Structure formats: C-alpha cells, structure tokens
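Structures given as structure tokens follow.
Each of the next two complexes has chain A plus one more chain, namely chain B in the first and chain C in the second.
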Partner chain A sequence: MTIRRGRGVAAVNYPTGMNLGGDPSQALVHSTPTGNFMVTLSSVDLGQGLKQVMAQICAETIGVKTEQVIIDTADTDTGPHCMGTFASRGTHRIGNAVIQAAREARQVMLEVAAEALEVDAGDLDTDGDGNIHVKGAPQKSISIFDTALMAHFKLGRSISGRGMFLVPRSYPEVETGAMKPSTCYAHACTVAEVDVDDETGEVTVISMKNVFEIGRALNPKMVEQQLVGGSWMGISHALYETTEPYYPKRDHAGTDFNEYLMPGPGDIAPTEIIVLERPAEDGPYGAKGPGEMCANPQIPALANAIFDAVGVRIDMMPITPERILRALREKQAA
Partner chain B sequence: MKLAKSYFADQRTDDLKELGQGLPRSDVPGHVTGKTTYFADRTFPGMLYLKMVRSPHHHARIRSVDLSDAEKHPGVHRILTHKDIPHNLYTILILIQVGPEDEHVLAEDKVRWKGEAVVAVLADSERAANEAAAKVKVDYEVLPDVLDIDSALAPGAPIVNEHHGQNYYMYDSGQSRKVRYGDVEKGFAEADHILEQTYYSSPIEQAPMETTGCIVTPDGNDRFTCYTNTQAMFFTLDNTSIILQMPGHKLHMVGGTVGGGFGGKVDVTVEPIAILAAKLTGRPVSFIYGRYEEMQISSPRAAEKIVLKDGVMKDGRIVARQVWGYTDAGAYSRHSPYGAQKGAAHYPGPYTIPNVWVDTWCVYTNRTPSSAMRGFGVTIADFALEVQMDKLARLIGMDPLEFRFINAYRDGDMKAHRQPTTGAALIECMQEASRVANWPIAEKYLEMSSYKEV
Partner chain C sequence: MAKVPVQFTLNGEEKADFVDGGATLLKVLREKVGDTSAKAGCQQGTCGSCSVIIDGELRLSCLTLAETCGGAEIHTTGGLATDGVLHPLQRAFMDEFAAQCGFCTPGMIMAAKVLLDRNPNPSHEDVVEALSGNVCRCTGYEPIIRAVLTAARSNSQNAA
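== the complex of A and B ==
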C-alpha cells in the first residue's frame, strides 16, 4: 500500500444572470419620517445574505449608514416583481435595481435639503454619517433626520424612488447559435492537492487553493462565506455526491443524510481563497455574480490531481474510491 | 481570504464607504440563536396535511384508481385527483414562452417516472394522511422504460413523453441547440493531434437543510396566502395562476428566510396543489416534502454525457473543438431545455478557439425530472472541459497551467457564440494561482494580460 500525492489545476468562467436575459428585477425605496430608508423587494434570501448586501448597496447610494436601511422582501402583496434568486443574478440584477431606486430617492432628499438650506441641490453632498452639507462648506449642513421630517410634515414630498433592471432577451440564431447569453463573467483558477491510497482508492484532499475574480467584493466577509462554502461543495461534488450511485440503475439511491454521501467536518481540506476585483461595467459598484462559479473549478482540479497521483483517469462524477480502485486494477491488468 | 489588490488596480477607485466593508449580517444573530422564523414554523387551527400517492413504476398506464378504502380512513378529509385540477397539463417555462406543456400536476392516464404524483390525500394529521395514502389502490399496466440517454436516443426506443413526440426537446434549431463558428473539419485537418473523450455524471441532490414546502391559508375574502420557501415568488404565483385558472390577485405569496435552495426550489411543485386543496376544503393546508421526497422526488441536477473532440497543435494552440452535450432531463422539461441551451453558450469554455461546433441536447428518460442546480448547464461542462485540458496538455508534453495561458481568452477576442470578450480575468486568476500554489510557469506567462493591446 502506498499513499501517492498529486496536484491538479482547473480554470473556469461563469456568466452572471439568467442566460439570454429577459430576467427583470424591480426595487422601491422610501424614507420614513425620521430619515430611515425602506427597500421593498419581492426577492428571496436563500441564506446567502441577499438582504444584507442590498442594505449596503442602498446605504452607499443614498449616503447613509447601513443600519438605517431596512429590507422588506419576499411578499408579493408589497414587493415589486423579481424574477427570482438563481443564476448568480441576485447581487447583480437586484443590486442594480436598488441603485436606481436609491438614486431617485437621494435626489428628492437633496432637493428637500436644498430648500431648507436655500442652496442648489446640485451643490449638496452627504457625509455618510447622517448629514447633508454644501460641498466645500461642511458647516452649512442639515441632518437627514431633519430633512425627512421637513419632507413629510412641511413640504409634503415623498423621498422615494423606483428602480428596475432588465437585460433585454436575446434569442439564439438558429443556424450559428449567435447569442448574447450574459452581461459579465466571473473567473476562477483552482489548484488542488490530494493524497490517494492506491490500496483502498480513498482520496484525502490536502489543500484547495482558489483564486476567484468576482468584479467587486461588496461585503468581503459574505464573499468569503460564499466562496469557502462553494469550494467545499466542489469537493463534495467531485468525490461524494449523487442520488444514483450506479446511474443509470436506480438502486442504492440515497434517501436521507445517512445514505447520501457528503464530506464530514474531517473531510474538509484547508481552503485558501484569494479574490481579484476587475469591476464589471454594468455591475452594481462593479460586482459580478460568483455564487455558482465558486463551486465549479474544484471538481476538475481534483480529477486532474488524482490522475497526477495514481495515473488513472476517472471521467465519471463522482470520483469514488470504488471507481479509482477499479481503474487501478484495470491498469495493473493491462 | 485575501483581496489581491494589485490586479486591475487601474480599473478601481477604492472610495466606497458602506460597501467593501465586511459588515456583520443583520440576520445572523437570529439564525444562530434559533429565533429566525421559517415558513414551516407556522401552525393554524384546523390545518390539513397533504400527502401524495406516488407511482412505484418508471413507466406505466393507469388502468384504475380506487379511493374507497382510503376515503373511509379516520381523519381523511378529501382526496384530490387530476379531475380536480383546472389546468392539469403545465410546464414552468411557459411563462417565458418555452413550451410545450408536458407535465401533469396529478397523473391522468400514465405515469412516466417512479415517484410521479397520482392522487393527493388530505387528512387531519400527517399520520392519517400517510396511512390513507397507503390504502389508495392504483391498478397499473407496466410499460417498457428508458432510463439513460443512450437508450432514449436509440432507434425504436419507447416514447417517454407524448407531448414531445420524441425523446428529446425540439428547439427552433432542431434536435439540439447549435453553435457553429469557423470550420471544425478544417481545424481537425490542420491539427497535430486529435483527442476525443467522453465524460459522464450522475444526478446530484441540492441537499438543502430545509425541505421544499408550503403552508396555505384561505383568507376568507377569496384570497389565499401561501407561505412558501420558493426561490422565485412571482414565478410561483404566475404558474399557480395558470394551473388553477385563478386570477393572480387572489394569490398572495409570502416568503422569508429560506433554509437553502441551490436551485432545488425553483420548480413549482407544491404550491398549486396546496392552494387548490385550501380552496376546495376551506381549511389551511400544509404540504412539506419529507427528506425522502427531497432526495428522490424533488428535481436533482441532471445526469450528463459530454463528448469533447479537440484538435491541438504541438505548440499548444487548440485549433478546433467539437462538443456533443446531453442532459438527462428525466420525464419532463421543467428547466432542462434552458439548462442545455445555457451549456451551448458556455462552450468552448474560457478559451479562444477559431473553430467550434456545439450541439447540446435535452433528452427525456423515465427518471425523476431533473432541473436547476447551482451551476446549471455549466458545472458538468467545466468538469469535462478542464479534465480534457489536462489530457491535451499531457498529450503534447506541456505544463497544464502554461497550456491554458496559450489558449486563454482576452478582451476583444470573439467567442464562439459571436460576442466579443469583455472584462476577461482568466489570465490574472491563473497568474495568482501559480504564485499561491508555487506552481512555476515561464516568465512570459506572468507578463501576459487580459487587456486588449492598444
């Protein structure tokens, strides 16, 4: 029995948004009487933190603190249309809608403040800390709190905005397949290192080094949670997971988490994440959608590392110890 | 995690205030202290539980259904059949004009996969619903089945789904979505080596912590509130409206925090029947998949078969790539025609290849319908493409990482689907990977850039 070490590389890209477009999302933003901001959506947070990133995008655009922004979402009676949370589209599509709505609301807010300060709205800026001031003259200022009160009770204005993002649908050309499938692409390159036991076929992932280019890390902590989780899922896809272990036969099908194989805590490799930022021209503050892409490169990187270690190619996912062992025996026999 | 700020620094202004900050998520304290509310945390007086009677066969004709024993079971309130569904034949993507309608909410004359819903039992408790479901007698005439891509496409194979008429989706481009760029035959003729390889995958479960489900309440004003963990609120509302022939204003979808989706909650499977049940009984209705249903009934990631044929030069240039991609959709379309098409646009991967020929097929078999999952149409393609890249590099005796630099796409390069590349960053990702993994590459590759030369 020998433990053999190998490493492999893979490089990928991934489209942001529903392929071929036609995937709209809308957002509404309004201020409360005391200058907090409500973002109304019908988008769904799947646990990835969509609400948090939308709050930060709205806060950045209006010029307030994130904690002053409340996200009201996932209710078809109150929220405007969103196509859904899938296709790596949440941050990009909904984020762009929130920016547009927040810009419109910010413009009204500045117009109200301009009236209070008796200046031109174009001369005003926010300090990001709850105040609006004349550019170059920070002492001439009014709080957003007072601005909102004035809008509500004195001027009768609604500090609000509407946002919409739509990529027009593209239909593939029948003969050539010419089409515009996406607006921007995220990228990745992963190097996987493994030990393979040539007696049992078992694979131990020694390290997973991932480089991701995602446009812009709008919340680096949340980016990290998604990319690390994705990298683990890649390992899981490569080495463990299937509902039909002997596809196309339908026996041995897993029906719960005892039978459906996934890596346990001890099977998770040391994971390194490096993020590059090349802002997307059409992304919200440059962001692309890395949600799906981040679970892909680990699979071929592991397949290539296993070949590097023991010299057999497993061209069928998942790469189980049984398949490795059978390939090793076949190679020996040849 | 490290932000490698030296790359693309000329394209960024690092002047953001609220963004670029790793602010704590506002919902996390609720999650980690068990205070977050999920849809299934709700209970309502008089709630009924819905349980499906499902096909034990891959393919069978339904001769008869006998509900008499089940209806007498204590606690049973009502049993729904296809006759109760106003528009029983549906397909989800009809909303974006991708037909034909090919799937029954509840089976009529046939079942086409093991697990297909036949009748829906409503009872006062989950236990009563399960017990009554076991008493429903369905008389089946078992039919020949096809369980994999190759047998489905073989001449004379049994037809899986009559609404398609053949065992593959018919695109406007024919039996597959096609991409044609350059001349692959010319490319193969020029190539120093040709490598043709076949890759396979089997179905994969999205495996969310929270299973698919919904709870519906009749609101007393002829409206229905549906608490659901769908990934797409209006997609669900609009499809429900079609299936139940009920105007959209009568429907109110309420989501919230979802316990993981990964694409498994994009199909519209539980809401229409549960809303119909609430309407017909006047009672709140709960329809929540058990773990078995989540694993074997809910759509998995498709099994795929991918054939790649490449022509490569000794100097490392790939001069032709031909692709045959097959998606095992199972018995019904769901989102698979879209997924297969997405694959067509993804090939030949992030590389600039002058001659590309792609055919992607959506194939019907007597299996659990597959549908969306994280990386839809792309994940298995990337497995095939990147293992193939490794094989090609070794075939010509070149370092696998350097081989990718030679072929990597850059700004301005024309892609096979005839869009110019913009915002490329593959080269820089590979440069950083070489550094972080101590994978040595020649200096000329470290000096490359994705930017278009002026």
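== the complex of A and C ==
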C-alpha cells in the first residue's frame, strides 16, 4: 500500500445567464412619502445575498444610503417579471434592470428638487447622505425626505422608475455556426493537491487553491463567502455526491437523505481564494456572475490530480474509491 | 388519536399543551408552540437542522417524541437573544458570514452552544467534531467553524 501525492490544474470560462428564448428581468423602483426607495422584483434571494446587492446597486444609482433601500421580492404573481435566480444571472441581469429603474426614479427626484430649489434639474447632484444640492453650491440644498414629501403632497408626482434588461435570443449563423449565447464570462483556475491511497482508493484533498475572475465584486465579503462555499461544493461533486448508484443495480441506490453522501465539516480541505476583478462592460457596475462558475474548476482539477497521483483517468463523477480501484485493477491487467 | 398532555419549559418559559400521541417535538414546537427556529430538514435524523437542547444535551427534535419531554428544559435558537441583544454565537455567525440560505444555522448554533457550554476553549478539531452531525449546503463549513472559534474567544474575553 502506498499513499501517492498528485497535483492537478484546471480552468473554466463560465457564461453569465442563458439563451433560451431570451433572458429578461424587470425591476420597478418607487419612493415612499418619506424618501426611502422600494425596489419591487420577482427575483428570489436563495441566500447568496441578491437582496443586499440589489439594494447596493439601487442606492448607488439613486445616490442614497443602502439602508434607505428596501427590496421586495415578495411575490412572483404580482411583481415585475423575472426569469429567475439561476444560470449565475441574478447580479448581472436583475442588477442591470435595477440600474435602469433607479436612473429613471433619480431623474424624477431631481426634477422635483429642481422645482423646490428653483434651479435646473441638470445642475443638481446628490451627496449620498440624504440630500440634493446644486453642483458647486452645497449650501443650496434640499433633503430627499423633503423632496419626497413635496412630490407626494404638493406636486402629485411619483418618484419612480421602470427597468428592463433583456438579452435577446441568439441564433447561430447558418454558414459559420457562430453565435453569442451569453453575455460576459467569469473565469476560474484551480490547483488541487491530493493524496490517493492505491490500496483503498481513498482520496484526501490536501489543498485547493482557486483564482476567480468575477468582474467587479460588488460585495467583497459575500463574494468570498460564495467562492469558499463553491470551492467546497466542487470537491463534493467531484468525490462524493450522486443520486445514481455505483452498485450493480439501480435498486441498491439511496432513496433518501440518509443514503445521499454529502460531506460534513470533517471532510473539508484547506482552501485558498484569490479574487481578480476585471469589470465587465455590460455588467452592473462591472459585475459578472460568480455563482455557479465557482463550483466547477475543482472537478477537473481533482480528476487531473488523481491521474497525476496514481495514473488512472476517471471520467465519471463522483470519483469514488470503488471507481479508482476498478481503474487501477484494469490498468494492472493491461 | 388520543391527545397527551405535556408540560415543559421552552427557553425558560413554561409551556403546556395537548399533543397528538406520536407527534415529534419538532412538529409541536413549530406548529403548536409557535417557535419555528428549529428547522424541518430531512426529518429523519440525518441533517441536524432541527437540533435543540433538552436538559443540556443536544437532541434531534425530529426524532424526539413530544410526549417524552414532560418536565424537560428545552432551549432553541429562538431563545438565545436576550432583550434584543444577540448571543455571542449569533453575533459571530453574522460577523464571519457563516450563513447563506440559513436553513442549517439554528442547528449549527445549538450544536455549537452545547460544545461551548462544556468546553469554552475548543480546538478546531473539537469544533469539527461537535458540528459533525450537521450538514450545510452553502458555506463549505469553514466560515461556521471560524464563527464558533470566534464566539469562544469573545466569551473568554468577556469572562476575563
């Protein structure tokens, strides 16, 4: 029996969003009477922080604090249409829709403030702290609170905006097959180091080193959280998880959670994350989709590391001890 | 089915109710008592999201019959904050970004609380061992382990 060390590398380009009949999302923004901003979406936050990032995007665009923005993702029946939270599309597609809606709302807000200050709306700016002032003359100002009150109770105007982001469906060119099925691409590269026991087929992940290029990290702590979780999920896909049996018959498969192998806290590997930011031209403040991409490169990197360690190439996931042992036996027989 | 009277304390408050014979503590907490902090995940004792503390021991409320809890002292994540101030574990889970979807979090925090109650200065391995009955789909565990170690440090600083 020998423990053999191996190292593998893999890189991925991962598209943001999808191309099934077009990829639209909508957003509506309106102010409350006291100058908070409500963003209405049908998009769902799965826990990755979509609501937080949408609040940041809306706040940045209108020129208010993030705490002044409320994100309402309450109801897909009544909210503006969204294709959904999948395909790493949330930040990019919905974020772009929120920017468009927030720009329109900001314009109305500045027009109302212009009326109050008796100036041109084009001469106004926000200070990011709840006030609107004349550019170059900060003493001539009105609070957003008072602006919203005035819009509601004096001018009868709705400080609101509509946002829509659509990536139209792309069809391949007949002659060349060329098409543009997605917008920007996120990238990742992983180096995996493993120990493989050539008697038991067991794989121990010694380290995972990942570099992710994700456009701009709109919320760096949440991006890091996503990437660390994704790296572990990649290991889990590569080595553990399956609903399909590798026993002789399907009847022997697991039927419930008890028999679905998901690694626990004792199975984690030392993980390193490096984030590269190359803002995407079409992304909201440069963001791409880091979501699913981050759980991909670990899988081929581990397959390569196992090949480097014991010389067998496993082309089916998960790479279980049984598959490694069968491949080793086949190699010896050959 | 005949109802069974049961009386216990939940986070220091006395609770009494008539429960269905065979009803799990998880179901009674969530649907009768109204404390939904313990989560119904696999409901067969595999995932740990329903973990609560019964008389100082970590228990899976999905596998505990409510009628066996007469006179018990039960603690859930729902009772951790006092007067609106978060428990050090809750604070640490926030500071370390140890939750994404949050479904496993109450169980993780209960498991961590039992550990810290017994061992105020746990090692990384102690934490891994204590959390080994709880699964998390999102975080990759490392932020959770870090949060528990952070809470332990803040506890010992407060005690000093």
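Keep in mind that, in the parts below, the second predicted complex is superposed on the first by the 318 of 334 C-alpha atoms of A that agree within 3 Å, B and C clash if a C-alpha of one lies under 4 Å from a C-alpha of the other, contacts with A are read in each partner's own complex, and residues count from 1 in each chain.
The criterion applied here is as follows: a contact is a pair of C-beta atoms (placed from the backbone, for glycine too) under 8 Å apart; a residue touches a chain by one contact, two chains touch by 3 or more.
Bear in mind the structure is a predicted one, so any value in this text is a computation, not a measurement.
In the superposed model, A:M316 makes contact with chain B only, not with chain C.
Applying the stated contact rule after C-alpha superposition, one finds that A:T2 touches neither chain B nor chain C. With both structures placed on the common chain, the touch criterion links A:I268 to chain C but leaves chain B unconnected.
Once the two complexes are overlaid on the shared chain, A:Q139 sits clear of chain B and of chain C alike. Chain A has more of its residues touched by B than by the other of chain B and chain C. By the touch criterion defined above, A:G229 reaches chain C but does not reach chain B. In the superposition on chain A, A:Q332 makes contact with neither chain B nor chain C.
In the superposition on chain A, A:K221 makes contact with both chain B and chain C.
Overlaid on A, the two complexes show chain B and chain C touching the same residues of chain A, namely 46-47, 49, 221-222, 224, 228, 233, 256-257, 262. On the chain C side of its complex with chain A, the touching residues are 41-42, 44, 46-47, 97, 99-102, 127-129, 131-145.
Taken in their complex, chain A has these residues touching chain C: 46-49, 221-222, 224-226, 228-233, 256-258, 262, 264-266, 268, 271. Within the complex formed with chain B, the chain A residues making contact are 7-15, 19-20, 22, 42-47, 49, 51-52, 55-57, 59-60, 63, 65-67, 73-77, 79, 81-87, 128, 169, 172, 174-182, 184-185, 187-191, 209, 211-213, 215-224, 227-228, 233, 237, 241-245, 247-250, 253-257, 260, 262, 272-281, 285-286, 291-293, 295-297, 299-301, 303-304, 307, 313, 315-318. Chain B makes touch with chain A in their complex at residues 1-5, 7-8, 11-12, 16-27, 31, 58, 96, 114, 147-148, 172-173, 177-181, 197-205, 207, 230-235, 237, 251-263, 265-266, 291-292, 295-296, 300, 303, 338, 341-342, 344-346, 349-350, 358, 365, 367-368, 372, 374-380, 382-387, 389-391, 400-401, 404, 408-409, 416-419, 422-426, 428-430, 432-433, 436-437, 439, 450.
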